[in-house]
Each structure stands twice: as C-alpha cells, then as structure tokens.
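The structure that follows is given in the form of structure tokens.
As written, the chains take the letters A, B and C, and residue 1 is the first residue of each chain.
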Amino acid sequence: MIILFGVFIRYNEESDPHWSEYRRAKNISSDIENDFYFRYPSFQDVHVMIFVGFGFLMTFLKRYSFGAVGFNFLIAAFGLQWALLMQGWFHSLDYTDGKIKIGIENLINADFCVAGCLIAYGAVLGKVSPVQLMVLTLFGITLFAVEEYIILDLIHARDAGGSMVIHTFGGYYGLSISWMLYRPNLDQSSHLQGSVYHSDVFAMIGTLFLWMFWPSFNSAVTDHGDGQHRAVINTYLALASTVLTTVAISSLFQKHGKLDMVHIQNSTLAGGVAVGTAAEFMLMPYGSLIVGFCCGIISTLGYIYLTPFMEKYLKIQDTCGIHNLHAMPGVIGGVVGAITAAAASESVYGTEGLINTFDFEGDFKNVAPRRQGGLQAAGLCVAICFGVGGGIIVGCILRLPIWGDPADDNCFNDEPYWELPDDEESIPPILQYNNHTHNKDIVESNFTVEQNSR
Amino acid sequence: MIILFGVFIRYNEESDPHWSEYRRAKNISSDIENDFYFRYPSFQDVHVMIFVGFGFLMTFLKRYSFGAVGFNFLIAAFGLQWALLMQGWFHSLDYTDGKIKIGIENLINADFCVAGCLIAYGAVLGKVSPVQLMVLTLFGITLFAVEEYIILDLIHARDAGGSMVIHTFGGYYGLSISWMLYRPNLDQSSHLQGSVYHSDVFAMIGTLFLWMFWPSFNSAVTDHGDGQHRAVINTYLALASTVLTTVAISSLFQKHGKLDMVHIQNSTLAGGVAVGTAAEFMLMPYGSLIVGFCCGIISTLGYIYLTPFMEKYLKIQDTCGIHNLHAMPGVIGGVVGAITAAAASESVYGTEGLINTFDFEGDFKNVAPRRQGGLQAAGLCVAICFGVGGGIIVGCILRLPIWGDPADDNCFNDEPYWELPDDEESIPPILQYNNHTHNKDIVESNFTVEQNSR
Amino acid sequence: MIILFGVFIRYNEESDPHWSEYRRAKNISSDIENDFYFRYPSFQDVHVMIFVGFGFLMTFLKRYSFGAVGFNFLIAAFGLQWALLMQGWFHSLDYTDGKIKIGIENLINADFCVAGCLIAYGAVLGKVSPVQLMVLTLFGITLFAVEEYIILDLIHARDAGGSMVIHTFGGYYGLSISWMLYRPNLDQSSHLQGSVYHSDVFAMIGTLFLWMFWPSFNSAVTDHGDGQHRAVINTYLALASTVLTTVAISSLFQKHGKLDMVHIQNSTLAGGVAVGTAAEFMLMPYGSLIVGFCCGIISTLGYIYLTPFMEKYLKIQDTCGIHNLHAMPGVIGGVVGAITAAAASESVYGTEGLINTFDFEGDFKNVAPRRQGGLQAAGLCVAICFGVGGGIIVGCILRLPIWGDPADDNCFNDEPYWELPDDEESIPPILQYNNHTHNKDIVESNFTVEQNSR
C-alpha cells in the first residue's frame, strides 16, 4: 500500500503549497474559496457516520459489540486507503504525469466507497472472521470503483447521495454473500442473536448519528451553492417523515401496540437512503415527505414480514436487515431519481440550473431530461447487477475453508476473536447451565463466578 | 402534513436552482456567500444537541432509556415538520405568492422550536404516554410560534440563543403541564426513579454534547461575521465558568463532600441558557464569566433545595429538574439581556455595530438603548405568560382519560410501550420480590430467570 | 478569575462590533472571510475531542467512569479559562493597551493547552483526588504556556498539531508525576484495575471521536487554504494506516491470535500524534502512511512490553499507557517534523509556499531549511525538558499529604468522590466476599442486596 501510494498519489492543486500562486492565476479572490471550506464540515459528518454511525448501529447484539465496532473500524480504515487508489485510477488520474491528485473530495468519496462494504458487513455480522471481512472489503471496493465509473462516468447518471452506487450495490452485495454463506444450523447460536437493554441504547447512538448527519452525506459532493443547500433540505424532511411512519407502523403491527427497538434503530433511516439520488434535484419539500413516508412503511413491514421470509425460504440470513434499510430503499431512491430527472424542465430549473444540476454540457447538452431519466434507470440496473453478481463470486471465494470463520454454535460471539474482560468469561458455564443442567450446586457455583468477576 | 407542505412550502432563492442567476443579479461574488456556508456547521451542531443531547441527557433513569431516546426522537421529528409550517406562516411567508420559502435558517429555527417542547418533555419524563407527548408537542409548537412572533417581530426584542423564547417558555410550559398532571401516588414507582451506574454514563454523553455545542446553539442565527464570533466566545466562557461553580457547590452541600452526578449532568449547562439572549451583545468576557458563575450556584442549589420543595408543597413533579436547568436560568438570561441592551452605547458598538446588532433601522432607528432594554423585559414577560398559560390549558387537555397514560406504579418504566429484550423481562418478578415477599424459593427462581436471560 | 478576565481580556477585531468598519478599512470583501468561518468547524471538532474523546477514552475502568468523564470535564473547563489568560499574556497581548484580544484561534489554542494536561491525567487516572488534579492542571497550563512561547515564538519551530508542545510535553509531564507518586501497594486495588464489557464499549466512543476528528486537531491552527487542506489529508492517511498495523501486531503478539481491546482503543490513535508536527509540511501521502505504519507497531509493542517493564523496574505506573500513545509518538512526530522541514526545497513548495508554510519572513527569510530542521529538533528537546522537569517539581508538590488522595486499596474507585446509585453500593460486601469469606449465607445475602438494588 505504501509503495502504491508512493508511486501514484500526490496532492491536488488545492492542497499543494503552490495554491497561492494557482489562486492568483485563476483569479480566485480568497483562501475561503478553496474547496476545503465548501466540503470539510460535510466530510467530518460523513466520517462520523462511517465510524460511529455504522459501528454503533451494529452493537445491538448482546455479545458482539467489540466485533461490531472494532471490525467496522478495521475494515473502514483498510477500505479507505484502497478506495483512494481504486477511485483515483478511475476518476482522478492526471494523464499528464500518471499521478492521482487527491483533495478533500477524494476523501469523501473514499468514505462513500467504504460505506458500501460496511452495508455488506451488516448482512454477515457475527458470522464471518476478520480475514473474511478484509477479503470482502478488498473485492467490494474494487467492484464499487468499477461500478461507480460505469454509472457516473460512462452512463452519466447522477447519484449525489449514492442511493444506487452505495446502498443498492452494497445491499445486494451483502445479501448475495450471505446467501452463499448460508448456515443451516445457525440456530445453535440463537441464544446470542438478541440484544440486552444497554446494547440497544448503544445502537441508538449509531442510529442517531446516522440520522442527524445524513443530510451531510447526501450533500457532501453535490454542487457548491444551491445544490448542497437543497440536498440538505430534502434529506432533512425525508428523514423526519420516515420517523413518524416507522413509529406508527411498528406500533400498529406489533402485539399490544408496543414499539420494537429494531424498527426504531433501522427503519427511521430508510428515508435518507431513498432520497439520495434525487436530493440535489427539484424534488420539492412535499416530494421528500412522500418519499420518507413510503420508505418508513416499506422498511418497517420488511422487518416484520420479509426478513423472516427470506431466512426461511430464500436461505438468506440477514443479521442487520440491510435488505430493509439499504437495498429496498436504495432501489426506491433510484426510481425516484429517474422520475425526478425525467420530469426536469427549464421552467423549474432555469437554463443555468439545468446545466449546473445535470451537467448538461458538451456532448450531452442536448440530452433531453427524459433521456436522463433513462440513464438513471440504467444506472440502477448496473448497480443491482454488480451487487448480485459480485456478491455471488466473492461469496464463493469466502466459502473456501481457509479463512477461519466461526463455528455455527459460536456465531454472534466476541469470544473467538477478542480478549474479553473477566466478567464475560463467566458466560460459558452459565450457557452450559442454560442447556438444561438443572442442578442447584452448579447454579450456586455460577453465581460465585459471576460475583467474583465484578 | 404532506398536503400542507405541498401547498405552502417551497425552496428559497438560496436553495433554488436559479441561485446562480440570482447571485449574478445581486452581485454576490462567490458560491461560498450562500447562507448555507455561514450556518451549516452550526446547524449540524444544533441538530446533534436536539437528538443526541436532549435524548441522552434523559437516559439517566435506570429503566426508561428507550423512552428517553426514542420518544425524544419521535417528537423532535414530528415537531420540526410542524414547526417549519407554523414558523413559516408567521415569519417566512412570501406575500407575493403565498408560499413559505425555506432555507437553512428555517431548519435551524425549526430545531429551536422543537427544543422548547423537549424541555417540557423533561418535566413529565416517564409519566406520560407517547400520544400525550404528540399532543404536548403539537400545541407547544403552535404556542411557540405565536409567542416567538410576538417577542421578536412585534415587540422587536432580540433573543439570539433563545433564553426567553425557548428556555423560559419551554421550562414554564413543562412545569405547568406537570402541575396539572400531578400524581399523588407517584412514590409507587419510586424504585424506578433513580439511575444505575451505566445509565448515568449514558446521560453524560447527552450532557457533554449539549455543553460542547451550546456555543453553536447561541450563535446559529446571529448576524454573519462578528455576531456569530462573539456569541461563541461568550457562551464558551459562561459554560466553562458554570462547571467550576457547579462542582464546588455540589461538593460543599453534599454530605462527605461527594459529588452528585445529577448536578454535573444538568447544572453545568445552566450558563449556556443564561447567556443566550446577551450572547451577541457586548457582554464582555468577564461578564460571561459572572453570568456562568451565578447560574452554577443557583442551578445547583435549585436541585438540592428547590426541587424537593416544589414536589412537596407546590405539587410540581419535575423529573429532570428543568426548573433549575431551563426556567430559572432562562429568566436570568432575559434579565441579563435587558440590562446589556439598556447599557449599549455608540462608543462600545460603533454606529454600524448598533445597527447590525440591534437592527436599529427604519422606524426603530431612533429607539434609545434604554427602550430596547424595556422591550427585552417585555419579551421575557410574554414568554413566562405563554409558558404558564399554555401549559395549564394543554395540561387540562392531557388530563382527559383518553390518552393511555401509564398507571402510578408503572411510571419511569419502558415496559408498557416497548418490546424489551429478555434480560428485562426478569424484572417484574424481582420487583415483586422487592415488595417484601421474602421467600427463598422465589429468590432462587428469580436468579434462574436472570441467568437464563443473559 | 473573573477579575483577571475583567482587567485583561477583550474581543479582537474580528469578534468586535466594529468588524464591519474594520472590514471595509482592510478591503475585505465579505463577512465569510472572518477567521471564524475558516476555523469554527475545526474548533468544534477539537472541542469534541477534548471533552468526549479524552473523557470517554478513560472510561474503560470498570468502576471509574464517573471520575474519568467528570474530572476530565472539570479540569478541562478550569484549564481553558486559565489557558486563555496564560497564552494571552505570552502570545496575544496587545502592547498598545495591555489587553489580550481573543478570537476563535485563542479558543482553539486554549483547548490545545488543556489537552496537554488531560494527557497527563491519563497517567495518574484513578490514583489522585480532584484537588490534586486541579493543582496538576494549574501548573501544567502555566508550564505549557511558557514552553509553547519558547518553542514557537523564540525558537521559531513550527508545530501545527502539537506533537512536541502538546503530546511530548503532556506525556512526559504525566509520567514524571506518576513516577513521583509511585504507590508500591497499588495491587490492593488490582481487582478494580480492569474493564467490563460495557465500559470497553464506552471507551470506544472516546477512541472513535478522537480518531475521526484528529484531522481537525492537526489542521485547526494551520494556514488558511492549502495548509489546512494538506494537514487533513496527511492526518487522515496516517491514522488509517495505524489502525491496520495495530490490529496486525495485536493479533500476532497475543496468545491464540486474539485482539486486545486496549490496543484498539489506544494504539490506533498514535499515527495522528506522530504526524502532528509535519502535517502541514509536504510529507507526501506515502510519507503519512509510513509514519502511521511505524507508530502502530511501536505503540502496540509498547503496550505489550514497555508498560509492564516501566511499572516493574522504573516504578512508573501509567494507567492509560500514555507513554505509548502520546510520549513516544510525540517524539517520533518531532523527529519526522525536523526531517521534513530540513528536506524542504523551493522546487517542492514554490517560493510563496515556503514563506506561507514556514513563515520564512523578516529576519528569518534567509534561514535555510536545514536550519529550520535544527530549530525543530531544539523545540523537541525543550518540550521533553519541560515535561520531565515540570513533572518532577509538580509531583513533589502533589506528594504533600494535604490533598486528600485515595488510599492504596481505594484507587480506581468512584466511591470516595461520587454519590453512587444504589446498584453500586452493593459492591463493598461483594468485594468482602471476594476476599475469600466462603460462606454460603453471605453469598445469599449479597444476592439479595443485588436483587434489591435493581
């Protein structure tokens, strides 16, 4: 990695000490117009989403919090280095000297690229080894860069918040891998596949940071000025609307009208996913509310009906329910984006607005909005194909018996990969006790162990 | 809600694709002068305060963390949509076409508006149902918008950080509702009205995010340039000073000189409340320290003496002690603001500074600072009246027996409203045991239940 | 404090209401060029690192979370007031009227100054009283301001991210104090010197916020434009690289290849420390990766071999391992900074770049890069001397028996300083039971106590 960076990666003109000369040459009046000041606050928010948001969202399992946060940290830090290289080769290569010139926008895109793999991690959470995760990330980043190049640069679709390139791809990539790694005897670990009170509160940290900073996610790489401004407003409204429908549906479909923490933790975020592609378009505030409204319903019902169905009949074990949180809303987002783009008109956007928003320039200046709608739909198909196809291939690789994956009765457990503090080592005998060894002496000795370990 | 948004809400010129044409027409030199770049970082900080700050601050109860974070999330997401409409009608309505034009400043104001209701939630935490909370929020937002319109637009008081419009109003609104909903037999739930070790640590997450981002709260909607800069410095200093006095008073007045986590979690924030109105004025750094110093004392003593007194004699049960954290410091903030405004002089502010800071323009250009001081005081009275009056009316509505509020012995308990993980379902028998059923067999069976659920 | 602020501290021209006049006089075209908009997002990130990052990083102890977060809060809030004064006298004193003019950059520097003392707190965590901490902070801030004045203003070394002035100084200051306060019988508290499952997850909150916002830390006070941009890229890459080596080394050197949470929590941050001085220089992306790579190895091996060695043979008890996280990487950062500065050339930086980056102006314009390298090395020596010397002196003061420090068997325990919730008061009898009182009746009564307290 160091060698590759040494050969290929350099600072771009905005992060190079020649900036002040460049600035004068380009007639830029002030340091504040460095792209850094347009994008850095959004970048930091995205960074928080990747590391705290995704990391803590997955801590809900009672005994896999270390793995959730720790492996998330590991693969994100690995992935962003690899993403800078892969995305650089495809997007930022300067052909005059064969170098990749990086600036703040590349860092944001690397974080986006990593997000795709973290989504996939959600499907296989607790069932794979860290080595498998590294392999999943290595191939995932590579596929992502190719797919993004096809969708954004060849097809010329627009996808500011990545409903298609990030969420649809990441979702189906993870689901396909999980399908290939199906474990028929996973119920041996079922006593660990649940939450405890405080692990659910930890997961809410992840949920809230994702929810709050999603407007930054969708606006981070949109156009300066009105583009970023509009993307924030649309995402904010879609998310607010999703929360209400999620709570309503969760309460309606549960027995006794109680709320389920799983829905609150996950489905409330679906609106941000679904508004991703269209966030920079003129979706209008009520359009954002409608998107959020629908996604809250679909995502929550997905958790109630679809996830058990998929596990039972399609043999896809989806630990975090990424199909409901990322894959389905991502597809909805792609469709909404295509419709909104196809409906674009000069009266709504103005001539300059059409150019700024859709890059209708050069060869593409005469592309009608309708054609743009078609391109968006094509982009969505490419994302699904790459997700499913790539996931099956990588899943095959991960089935090789060389990666040290955990046994069926040791899934959702930090114990194989982490040095646990003493209070946790009292667990195995208690589990043994759970296995119906009703013996009072053992109860008391367990109790002694537990007391000792406090 | 979708229909109302469809009819009324549109993007403003800074978030509309015609921005680049507008910019050229107005001779604005760069995209970076879009209001978005002045306010977005502060907006995100305020957003964190609303969802993580207020949400986690209330997780201190041992068995009401889901309700604290989850219902906070729900009512905030609902409230901000309603606030965009209500505040839009009063403040941002474009009379040429009857539409509300929204931009980043409207999003910040909607978050502010929601803050008022979340403060009120603090007083009734654990004693109301989610439906009651929605009603409380619906009326609270409406009252807030009216009160804000009277104080800021009719009276022309200034209130950058909302000491009066947010904290004083929200505090007295919540206290009045709590007074109307007085429960004489609340001690039946007293075993749940306390914290455990880890729930106090969770609450510290809320405290710290509120504390750190309060400078953004007070500066988010102040004037560009020196106004935002000065508001940050004043708030930062007032908060730092409050921490020291809170720790000192807490240690002095507790037995054995021990610190009480309740004070550290709450009273340390009082300085930020009290400096809200005057943050953009020339309060001077030492003035901020004095305000913080006094508030730390008053707020901590309030927790030690006033809250028990209010519960016993005034029949106001204030779960989070919002009287000490929001109501009293808010009143102090209004008074400090009135004094600082009355003391404004051209020698300190400069002619332009007076115009920028106090909007002494048009009809009001000749208003002497002394009159501005009077207006500030009038604004404070309006805020208190709206808080107390509105709270009593809404409290009456909430006393109707149709809202599904929890029984006296089931307060401060997530169990009626949430699907709890298994480890919590072992609680009811243990509570039963707490109720003096000293029977060894039951103890052992409880123990078995608990072990099983881990 | 209030009096000192009243006498000395005023707003600077960018936070004063005369800003709009000043702006016109200086021909600054827009409010957005107020330094506030260059630095405020970074400031808030640094603020989060100080209060949430350092605070929660130290919550890993099973029974010292209140002390970690609470005392961190206390001394940071105290320290930043004192730092504004001390740094103001040395750096920002306006000799025309004898006042200190403060703006956003002073707030950032005050936070930096506090960071030095919080690092020192890491070494003595759990073994000192709050009064001792206040004394440690008072002297630490004072020493810091003098040392920073010598390094930055007299020697004219550059230290954007504070590898030398903050981390090296803070690290050796804390280690020297810990050496002076050596407790031979500390093993009486060894049952409390460990973590539990959830306390480790809390600590990960601190780790992640430090890790994510470190780019802001290193770029907060660098030059506008390319300087901030480059510092962010370098820090981001160094940190990403450190995570990978930390995980690899932790897994290689532990039995069974398991990961140790202590390393993940701490060593992953070492790269950000080590890249601090050189972050604004042309370290090049691969250079950042190399620095991060080396630091991950050294820091993790330090936790495995050096910390036990120091405790056993050098009588330095380093609770958080700050030697591995701050002191060693800080020294590495100083050396890297000296090398990078000495290698600076006009071909890489351009003439203006050299002036902007190294302030080669006035008397120093002809200073060759090689001489700058020597100055950097001299700065590093000054930082180490101040750290060790100051630590020994302050350690002597703290050994006086008047500060109320905890007994050897009561270290790492919140109980002496905090009102604990009931669930914790059941601990003493259980500990008593730990001390080998194997009596079944006591077991059962403990059990009863614990059940009652839930």
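Throughout what follows, a contact is a pair of C-beta atoms (placed from the backbone, for glycine too) under 8 Å apart; a residue touches a chain by one contact, two chains touch by 3 or more.
For each chain, UniProt lists the protein as follows: A, B, C = Putative ammonium transporter Rh type C 1.
Every value quoted in this text rests on a predicted model; they were computed, and no experiment measured them.
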item	value
Copies chain C and chain A - interface residue numbers shared by over half, same or different	different
Fitted rotation between chain B and its twin chain C in degrees, CA, nearest 5	120
Distance from chain C to chain A - Cα centre to Cα centre, in angstrom	32
Touching two or more other chains - residues of chain C	29-30, 32, 37, 41, 198, 205, 447
Of all residues in chain B, those that touch chain A in their complex	1-3, 5-6, 9-11, 14-21, 23, 29-32, 34-37, 40-41, 44, 47-48, 51-52, 55-56, 59, 63, 65-66, 69-70, 73-74, 77-78, 80-81, 102-104, 107, 130, 198, 202, 205, 416-424, 444, 447-448, 451-452, 454
Complex contacts: residues of chain B adjacent to chain C	29-30, 32-33, 37-38, 41-42, 45, 62, 194-201, 204-205, 208-209, 211-213, 215-216, 224-226, 228-230, 232-233, 236-237, 239-241, 243-244, 247, 254, 258-261, 264, 268, 282, 284-286, 289-290, 293, 348-350, 352-354, 356-357, 427, 430, 433-434, 440, 443, 446-447
